[in-house]
Each structure stands twice: as structure tokens, then as C-alpha cells.
Amino acid sequence: MKKQKRIRDYGITIGEMETGINNSITDVKEVHVGQVTLDNGETKTGVTAILPHKRNLFKKKVIGATYVINGFGKSIGLVQIDELGTIETPIILTNTLSAGIAADSLVRYMLKDNEDIGKDTGTINPVVCECNDGYLNNIRNIAIEKEHIFQAINTADKTFREGSIGAGTGMVCYGLKGGIGTASRKVFLDNKEYIVGVLVLTNFGELEDLLIDGEKVGRKIKSETKNYSPTENKGSIIVVLATDIPLSHRQLNRVIKRVYPGISKTGSFTSSGSGEIVIGFSTANIINHYEKQDIIQIESINENKIDEIFRGTKEATEEAILNSLITAKTTIGRDNHKIYSLSKKLEEYGIDLSSNLKA
Amino acid sequence: MKKQKRIRDYGITIGEMETGINNSITDVKEVHVGQVTLDNGETKTGVTAILPHKRNLFKKKVIGATYVINGFGKSIGLVQIDELGTIETPIILTNTLSAGIAADSLVRYMLKDNEDIGKDTGTINPVVCECNDGYLNNIRNIAIEKEHIFQAINTADKTFREGSIGAGTGMVCYGLKGGIGTASRKVFLDNKEYIVGVLVLTNFGELEDLLIDGEKVGRKIKSETKNYSPTENKGSIIVVLATDIPLSHRQLNRVIKRVYPGISKTGSFTSSGSGEIVIGFSTANIINHYEKQDIIQIESINENKIDEIFRGTKEATEEAILNSLITAKTTIGRDNHKIYSLSKKLEEYGIDLSSNLKA
Amino acid sequence: MKKQKRIRDYGITIGEMETGINNSITDVKEVHVGQVTLDNGETKTGVTAILPHKRNLFKKKVIGATYVINGFGKSIGLVQIDELGTIETPIILTNTLSAGIAADSLVRYMLKDNEDIGKDTGTINPVVCECNDGYLNNIRNIAIEKEHIFQAINTADKTFREGSIGAGTGMVCYGLKGGIGTASRKVFLDNKEYIVGVLVLTNFGELEDLLIDGEKVGRKIKSETKNYSPTENKGSIIVVLATDIPLSHRQLNRVIKRVYPGISKTGSFTSSGSGEIVIGFSTANIINHYEKQDIIQIESINENKIDEIFRGTKEATEEAILNSLITAKTTIGRDNHKIYSLSKKLEEYGIDLSSNLKA
Amino acid sequence: MKKQKRIRDYGITIGEMETGINNSITDVKEVHVGQVTLDNGETKTGVTAILPHKRNLFKKKVIGATYVINGFGKSIGLVQIDELGTIETPIILTNTLSAGIAADSLVRYMLKDNEDIGKDTGTINPVVCECNDGYLNNIRNIAIEKEHIFQAINTADKTFREGSIGAGTGMVCYGLKGGIGTASRKVFLDNKEYIVGVLVLTNFGELEDLLIDGEKVGRKIKSETKNYSPTENKGSIIVVLATDIPLSHRQLNRVIKRVYPGISKTGSFTSSGSGEIVIGFSTANIINHYEKQDIIQIESINENKIDEIFRGTKEATEEAILNSLITAKTTIGRDNHKIYSLSKKLEEYGIDLSSNLKA
């Protein structure tokens, strides 16, 4: 498959920090991503699964946290993450009306590998986040089935594609085609290299507000477009942050709040109808389901050194959003709804991002 | 069907306030409750649906709020209630591993009656709460199906039974059989009568902690029992509070926090493994999905007068829990797990609640 | 000074767990308490200072957390504890209108011992909690001055008196004289003994609601009293929890929520006008202000073992409240306002708590 | 006094919405601002008071809300605003170590005008926010006294100056001189004009991050500066939002969250050491302290129309921050610490903001 052209390939460098090796959430060791795309006729949707690791997540939980920027959303599993500070399943992204079936399927997936759940020990907390892809996708047909969830998890890999794929298949961002994007940053602590990685599912914003590294690109496209018909400013963005930096639940919570400045840098004012949810996890401390010691050791960061992680979070979020836009493809969905890609529009208007920004 | 003997029939009066006409959550005008019970072999589970009203809830939303006492739980839909302060579907109670399928089914139910959802307007926020009935129920078989959810909603009525029924079929509370319970209190404002109604799904607590109106009944039972084998102290309580008192989202949030003193009066210390979730709604102000005015009028209470509602909430919660216990039946579930009813144990030990308390 | 008669001396044993050696918050190693009482004419108020340790708290912070049960209160310093999870000053309790001057004084106290604050490093977060003693105390004269704060801190000791003393001098609880109370419980982890200690400043509740270990003592007193004139049900309770158990910020937050069941067991429904605030700290992990390592080690508890701490918190809170009531003295304050002590009322009505409860 | 040159006078227009008549928080009817500046030798600090109205605020409360972006701060009064949803005193801004004395002074101010407080009714909740001006100001001398608080309130007016004045006297923002700034936007509802007004106290950010309407101005200044010595990235921003739009507490809370995108647009990633606090109030519904009716009417907005308020909040926040920077003056404070003004730096580097941005 052809390598995708990402925002850096257009001459745009977000921020100052060094990226991870693939500028991807999977730069965090053990993190894998799997995607299933449903693209036929009126069905433009899919599933993206993020696995903190490929071992038994129920038995080997990771430290997790959530941050609700705007709660007009139907994400599942946040209550328990907030209480216990752990994530014990893969994180599933899909469309809004399929969140229930996705949670059901994720439960069945976990039961399959854990005969003790619900029998000899407690139950399981499925984590599902969603955006409304109803402008392009016939969301009412609830196309996602158990097999799609299983497949997304089972095919999770270190490399994955961005843009109109997986859960991003039918998403619309800043009036352009949105979807899946990723980016990462390196952070150095005690002379050791760590990674902050971000994956976004973008489905928010109005075209006129779009900024690319500060440049009002959205306004340029709009002002020169005659037949522009704004899509409803309903949407969402889901952000998943992964890191191998040792962070406590509270510290992780602070880190993932810095996703918001990253989103804001792309221009959005965070509209009311947009469910903006962040889920973060750190793979550095594993919490055993059957822990034998009463007192355990947790590594965490000296909080005086947390700013670099904050900055990396902002930068990676902004870049991941731009990657989701620039890799997405023009798409025609249900009822002939058509959404153009950013790359198409840049070409159409002869906008050269790199030269433009240097002018 | 035989009338159930409730805690007042045993001579116990909780608190000082007057009850509503049926001492039930359905004393709140327009509120209805429907239940489906699955009781065959290893399957001891079910569904309880609470309808704020029987009109179109998506188009005519009620003001809602949530309060997480202990978030070791998998309830669905809380994020959006917290953000927008409204409830737009029936509230479904069921077992933990069926929460996903219940949410999926509830979405399908709402789509059926609203052709605009996901097409001409936004999506829908299903509200599902759950407890783990895995001690009696083979929870791993995920017995709940779409039809059960539909049936529970469609058969919702003003009268309903308590104890081992609906979502309460397999629940265990204070080491005794728990389940569904309800109670209500009258509140007078500007010389008008209002109702605070509470419905509980009880699945929490250890026998030794059980108090009945302050009396250490749990300890009596325990101390005289030779072969007592404590069930795991994992569980939950779900509390749904309904009222026709005009309350803002913030005020409703304050009111439902007073569920916690009501729970505590029955003796529990709120164990870690117990997901204790409260959902409240007020039917007094209807929020139109397609509101035409930009500025709307909301009635709310003069906060100086809110204490009587707080007191009523505490009293009704405590009484609803006791009703769930006293109406439940001794049950044998999966793997021959047997849980005795409170009434059976009172009889066995010759405990007369009324005389006992007057002594 | 004469030893005070506490609730256990009346034959009342709250719960099942073993107390610490003095059944006091200072059973937690290094914790000290100092008090200054202002009792002359219309002035019935004071200061109670809780020191997590006597070393330099700014340089050696303890892990802290807060929990707002009901936020009708003016406590100071909670925002930063919630964000950073640390406490860096003694905790000062006083009357509501003196909270500002107490915070100012506490800042000056900390500046005195730390020449770097506000010059070579950041500032300091003073922690002050308060209740309204305005029924007995002429609170409008703001009697607390810098010297009282300094003195309370400087005289902090392992032993301290309960009842009508320090910040508790003018407090009213369940219509009776309230004030300062304390209790503690032992918790065993990995075969080692730890302590959960609680100190309360009680100023809440209505007489008719008072329960002593489940017994409706408040109603008995009331029903037999002719000239009972209820004081306004405005008030508060401040609870400070100390422990040497290693807890993360999140875990500590979970622990201090179990203060609420303890309060509720004494009968209150948590009225609107009552500011109920909990501050907790663990002395097990010290956070260095000038930490040199980027990654640090934190001990925390295996969450599967947290229930015993929850239970201890509930028990100690309930007992500390009862201790505050039973040790307090009948007091006549401003405008001849008179509040009787519980011990006086028990005597007057010939109530024998121990026999009563055994009946 | 000479009119100050604001960011619009440099050719910069933030966003698309129309400003209020003076582009100021005082465009909201009844809102007044008073300031006291202490500028002598090592003392570079002051007080800024925002009055929601000039009537009796304790008796006629306004609906209020708070939002903590980053809680490394010592603001006072937030707990009660969150619980009761009202503000009952002027809002005082000052330096961190003077927050206690400011709260004490504000209490005394309110007592003066309300003989019932603490005697015949409850107490008062003073609202004080702060930033650390310790780089320029000798903050350890706690220069603020009662008279300054009284004077700031008593001299509050519809017009007030921005930049290095009042609480802004010693503040540092993006490595440049910060301080007080303001801006406003018009919102039309049911064909009626309303105002969203914002006042900021800016003391945050690193020079390299500063963006002016997307332009990386901070980096330009830095890259060309030889002797640039970065100040510690400790700081804060306090944002006060006022509006005459009818909003419930919950809605107001949603609105003030959109301050964060406005801050982020100026470039900051929200560092750990920065206490970023937002306080909002709506003057549209007055809550009477002695309300006689049990049920009251509250106007609120149809939530489908809230997006324009969100956008206005973002725009006004961004512009207020830029106004605080562009109006501030180069200042030499304690220990010869010198901070340059933005206007001085623009001049020094020959940066023409308007031409620059059009290029």
C-alpha cells in the first residue's frame, strides 16, 4: 500500500520537540492499533482498536485516566477508569449508535480469554469511545457487529493507516474529510528517552475556523468557494494518549488535559454539540488483577519535570489532527453527501502550505 | 397476585415525613416502571425500566443529574447527563455484562419512534445502569436480549412488584436476597404537594453491617448462625430518584447526593468493589428537543427551602432498600449458590422487628 | 487537667475494629495537634491546628486529598491540593469569618521558616477550614489574630483535649454543644500495623436526628423537653483524616469519601446550609520540594485490600463525632444563647447509654 | 490620562464577532471595575476589583460558576460558588501571598454593609483570585492592606485602564510585561443584543510560545535577542467572565470552559506551575438572599443557541490577553529584575503586526 503523505511532508512542523521514530502512538512500546473499515454504499463507518499491550489486559491492567472536555457524547467505561485509575480492555473507537454493540462485543472478547470474569472474580469494564459519522454514514443501520470488533483487536499492529479508515471512515472535521490521525513526541527524563503518543478520531469544527500552524487556511478555502454548504457543526473528537512515562493517575489526568490546547491550536472553539473526550494510559506501571502484596511500588514523575510532557501532549495532539485531515480522502456518503479532503482543496486553491507559511 | 409485605407492614417507620399515596417512585405523576424477569436454571437476571414519562422522551427531555458515590461500575450515559443536564431515554437497569446489549437495544428502541435521530438531527444518549448478579446468575451467558428491553419499556405501569424481580432477580444485599425496592415522600412548597420517589436496585453490603432503623439485625443473624458463609463483598447499588419538584440540574445534583446518607443508615461503609450510582430526574421542566425560543423559562426551588427535599431523599432511600430486602425471596442460583431472604431469616431467628425496636 | 470521659467510657463501642493506642488522630506517628481557645464574654471561638509532621512541611510535603460533601463553606486551599495532591502547611481550623486572617497568618508563619518562598521558588498554599460558630460566638468581631495561629502551631502536641476547645469552643452539633473530637483505628497490611486517625470539628445537624450507635437519643431528649428551641440548622463539619498507610492521591480520595457514611450514622441528612469538608493526608510518602530525581518511587496500597481502611474511616468518623459531643460542656454565649451538653442532657433525662442499648 | 493603544489599534482583529461598545467587561450593564496600584521601589503589586453590580451583592446575588483549568493556585471562595451557583461579593484579584488578607478585608467590607451577616443570617463567601507577581514584586512583604481592598471596591467605575495596573502591576506574561486586559463580544438572542465580557490578569507562558493571531511573534523576538534570560515559567492567568445573557449555573460552567481555547490561541501549553482559574457570572437572574417564594422562575438559554456565546468567549479571552500585553509597560522591579513590554519589543525589532499578518 502506498505510503501516506502526512502534514510534515507538506513542510509543516508543529512545535519544537522531536518526534518518535514513526511519529505515531505505536512508538510507545507494546501499543498496537487495529482497524476495520466498512465502506459500501451508504455505510461509511468502522472500528479502530487501541491496545495498551497485547498481553492479558484484564490480568495486567495499565494506569488510565479520562478527561471530558465537552460531554455531549456517549462514550462508555469512563466512570470506572476515574474511580480505579486503570484500563483493563482495549479501547474501541466507532460510531455513536454502535457504541452499545461495541461494548457488548468487547465484553464477549474479554470473557473468551478470561474464564474467571463474572464467575470467580468481578466483571469487566469495556472502554468504547465514539463520534457521530451520520453525515456520510447511514448511522441508523448500526452496521458494526461483533466480528468487526474482534477483527480490529486481533489484527492490531505497530503500523496502521490514517485518514478515512477504521472509525474514521465517515468522519467530518472542519467541514473537510476527517478521520484517524496520530503523532508522537520524545521526552527525556533522567537521561532516558520516553514517548508521548496521541491518536485522534476527528469529527469536529467549522471550516472557517481551521488553522494550520496558525495560518487561517479554513478561511481561505471558504472565502473562495462559491457553493460551500456548511455541514452541521455537530461532531466530536476522541483523543487517546499513550505513554511509557511513569505517571500516577492524577499526573496522567493532568497530562491529558493538555490535549485541549492542542485541539484549540487548530482553531476550534469547542462547540456545544461536540463530544470531546480524552482517554490516557501509561504502560509504565502494571497493576496486577491478582496482586499478592498488600503494599506495592509505583513509579511516578517528579512533578517539577512534567512540563515537557505537557508540551509534547499539546504538540502531538495538534499534529495528529492535521495528519487526520491531510491523509483523508474526498468521500461521497449517504444521500449523496460529499465531503472534500483537505489535500484536494489545497490543490484546488493552489495553496502551498510551506511557502505560504514562510511568506 | 398477592400483595407484597413491605417494611412498614413489619412495624418499621423510617423517618418522620409522610409517604406518597403508594410509597413508590410512581407516586411521581407520569413516572412508570416496567420489569422483565429471567428465572430459569442458572439464569437469574432481568430488566427494570424506569420511564420519566410515556410521551416522546427524545423530543420532551426531562432535567437529569447523576452522582457517582463509588465508581466501580459500568453504567452508561452519565457523561452526557452531566454535560447537558437532561435525560432523553428510559433508564434501564440490568446486570453488568448485559449493559452493552441493553444500551444497543435502547438505541434501537428510540430509533424506532424517532426517524430524525442520526439523520436530520443528532444521536441519542441511552442510559443504562447495572449491578453484578454473578453470584446467583450465570452472568457470563449474557442472557438479556433486545426483546427483554423492549418488553420492559412497553409494559411499564404505575404499579410494579419489588424484591426478586426484574433487574433485581439475582441480586444479593447484606448477604441476603436483594433486588428492587421503592419508597416516596411528600414535600410541600408554596402550599402545594410534591413527591420525591426513589427506586433502588440493591446488591451491596455485608450481613454483619445491616441495620434496620438503627437496630443491628445483621449482627444478630450472623452471631447465631453457625454455617454462615459470607458472599464476596462485591456489589453495587443503583438508585433512581424521581420528583415533580422544579429543580435545576445543580439543585437536582445536590438532592441526589442525599441518597448516600440513606444508604449509610442501613449500615454499609461503601466497599471498594461496589458501584454506587445515582440518577435523578425532575419532570417539572420539560426541555424541548426542537425548542423555538432562544430564551426559555425554568422553574426552580428557592434553595432556602431545599432541606425538606434532602430529608425526604434520605428517608425514601433507606426505606426503599429495606423494602427490597424484605420483599425478596430466598433464591438458589448457579452452582447451587443459595441466598436467604431477610423475611426467612427473621422468622428463623424469631426476630420481631417492631417489638424489638420498641424494647 | 482532668481526663475527659469519652463515648467508650459510657459503654458505647462503635464498630468492630481495634482503636489506636490513644484512639486519636495523633496515633499516626508524627501527627500533632495544637489548640488556642478564646472564651471571654461574647467571644467563644478558637483555633485548632493539625500538623502532619513537625519537620519543614513546605520542603517535605505529604500526600493530600480533599472531598467536599456539601460545599456551603469557605475553606481555603482545596484547589491546589486537588491539583497537586500534596499538603505543604499545617491545617488550620477556625471560625468562618476568621478564615481569611487565618490564611494570611499561616502564610506569614511559613515565610518565617522558608526564606526561599516567593523569592527563589514558588509561593505557599495555606490550608484553612472553618465552621460558623455564630450562634454562641460574636463571629462578626473576627477575634482570631496572627498570634493565635502561631501559638496553635507552636504548641502542637501528641495529646490534646476534645469538646469545647480550640476551634470547637463555640460550635453546636445536633442542637447540643459540639466541638473537637477524635478517634482512630488500626489496619493491618502485610502483617504490619497502620493507623487511620480522624479529627472532627462538629457544628451540624438537628437534635431530633441524633443517633448514638443507632439509638434515637436525639428524639428522646426532644420529646421530653418542653421549652426546646431549635437552633438554626446551619452548620458544618470539618473532618481531617490522617494515616501512615501508603496511599496515592486517588486512593486517599477514595478513603476520605467514607467519612460520609460515618457522619450519616450519627443521623444527619446533610442540610443545605452545612459546609461538610474532608481533608486527608498520608504521611507514608514524602514529596520533596527540591526533588532531584526525575522519576520517583511511591508506595501505594493494593486496592483489593482497601476495604479495611474504608471501614476504619467510617468507624473513626462516627466515634470522633460522638466524642466531640460527649466531651463538650454546656455553654452560654453571645446574647445569652445557651447550648446544653449531651452529657448534661443524658443526666437530666436519666438516659444510660449502655443499658439502653443493651435492652 | 492618555488613551491606551490596544491590540486593534495595531491592526489585529481577533475573530469575527462584533465587540461591545467599549470592547470591555464593563459593556455588561452594571458591571464595574476598580483598581489600586502599589508601585514604589520593590513593591510592584495591587488590587483589581470586579463588581457584578453596585447594589447589595449579599442580598442580590448573581449566578456564578468556576472552572479550574490548572489548580496550581490559591484562589479563595470557589467551593461555595460550585455548590450554590451564586456570587455574593465583589471579585478581588491580587498577588498570591496577599490572598488571605484580601479575603479578610472583603469579609470586613461586606460586614460593614450587612448587619445581619453572622448574626441573624449565615456568613459570607469572599471571592479572591491571585497570581504570583514575585519576579517583579517583593511579594514576601505582603503589601496589600484592608484600605486597598476597600478603595478598589469603592472607586469601581465603568472605565478602567489595562496593562501594568491594579493586580496587574507586577505580572509577567510570555516573558513580557503582562497585567490587566479586557474585551467583549455581542451575542444576539431572540433579536436582542447581549454582551459577553472578559477581564484577564495575565501572568503565564513562555516567550517562545507567544502567538498573535496565529503569528509566531514570540519566536521572532526570541530568535533575534542575544541576552534573553527566560523568567521562570511559573505563573497563572485569572479570567473573569461577565454576561447579561440568562444562563443557568450549568450553562455558565459550559461557557467559561471556552476560555481555555482562547488562552490556547495565544500559544501556551498551560504549564504545571500556572494556576489558571476562571470565574463567570451572569447578571440576568438575581437570587434574593431573603427570597419569599418557594418556587422561583429562572431564565436560561435554549442550549441549541449556546455556540455563539462559546465563540464570543473564546474570542474575547484571546483579545483580552493580547490587550493586557500590548498596553503594559516595561517595568523594573525587585532585585533589578526587568521585564520588557510587548510594544517596546515590537518597536525594537521593527515588527509591524498588521503588515506582518497580511503578508
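First chain written, first letter: the chains are A, B, C and D, and each begins at residue 1.
In the analysis below, a contact is a pair of C-beta atoms (placed from the backbone, for glycine too) under 8 Å apart; a residue touches a chain by one contact, two chains touch by 3 or more.
Owing to the predicted nature of the structure, the values given are computational and were not obtained by experimental measurement.
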{"item": "Equivalent of B-C within the choices C-D, A-D or A-B, defined by over half of its residue contact pairs recurring", "value": "A-D"}
{"item": "Remotest chain, chain A as reference, centres from CA atoms", "value": "C"}
{"item": "Computed distance of Cα centres, chain B from chain A, in Å", "value": "35"}
{"item": "Geometric centre distance via CA averages, chain D-chain B, whole Å", "value": "44"}
{"item": "Gap in Å, rounded to a whole number, between the CA centres of chain D and chain A", "value": "33"}
{"item": "Multi-partner residues of chain A (at least 2 other chains)", "value": "70, 83-84, 254, 273, 303-304"}
{"item": "Residue numbers on chain C that touch chain A, as the complex places them", "value": "83-85, 189-190, 246, 248-250, 254, 287, 291, 293-305"}
{"item": "Touch list for chain C against partner chain B, complex", "value": "16, 69-70, 208, 211, 214-216, 233, 254, 257-258, 260-261, 263-265, 268-273, 303-304, 306-307, 310-311, 313-314, 359"}
{"item": "Residue ranges of chain A in contact with chain B within the complex", "value": "68, 70-80, 82-84, 96-97, 99-108, 111, 117-119, 122-126, 132, 134, 139-140, 142, 234, 273, 275, 277"}
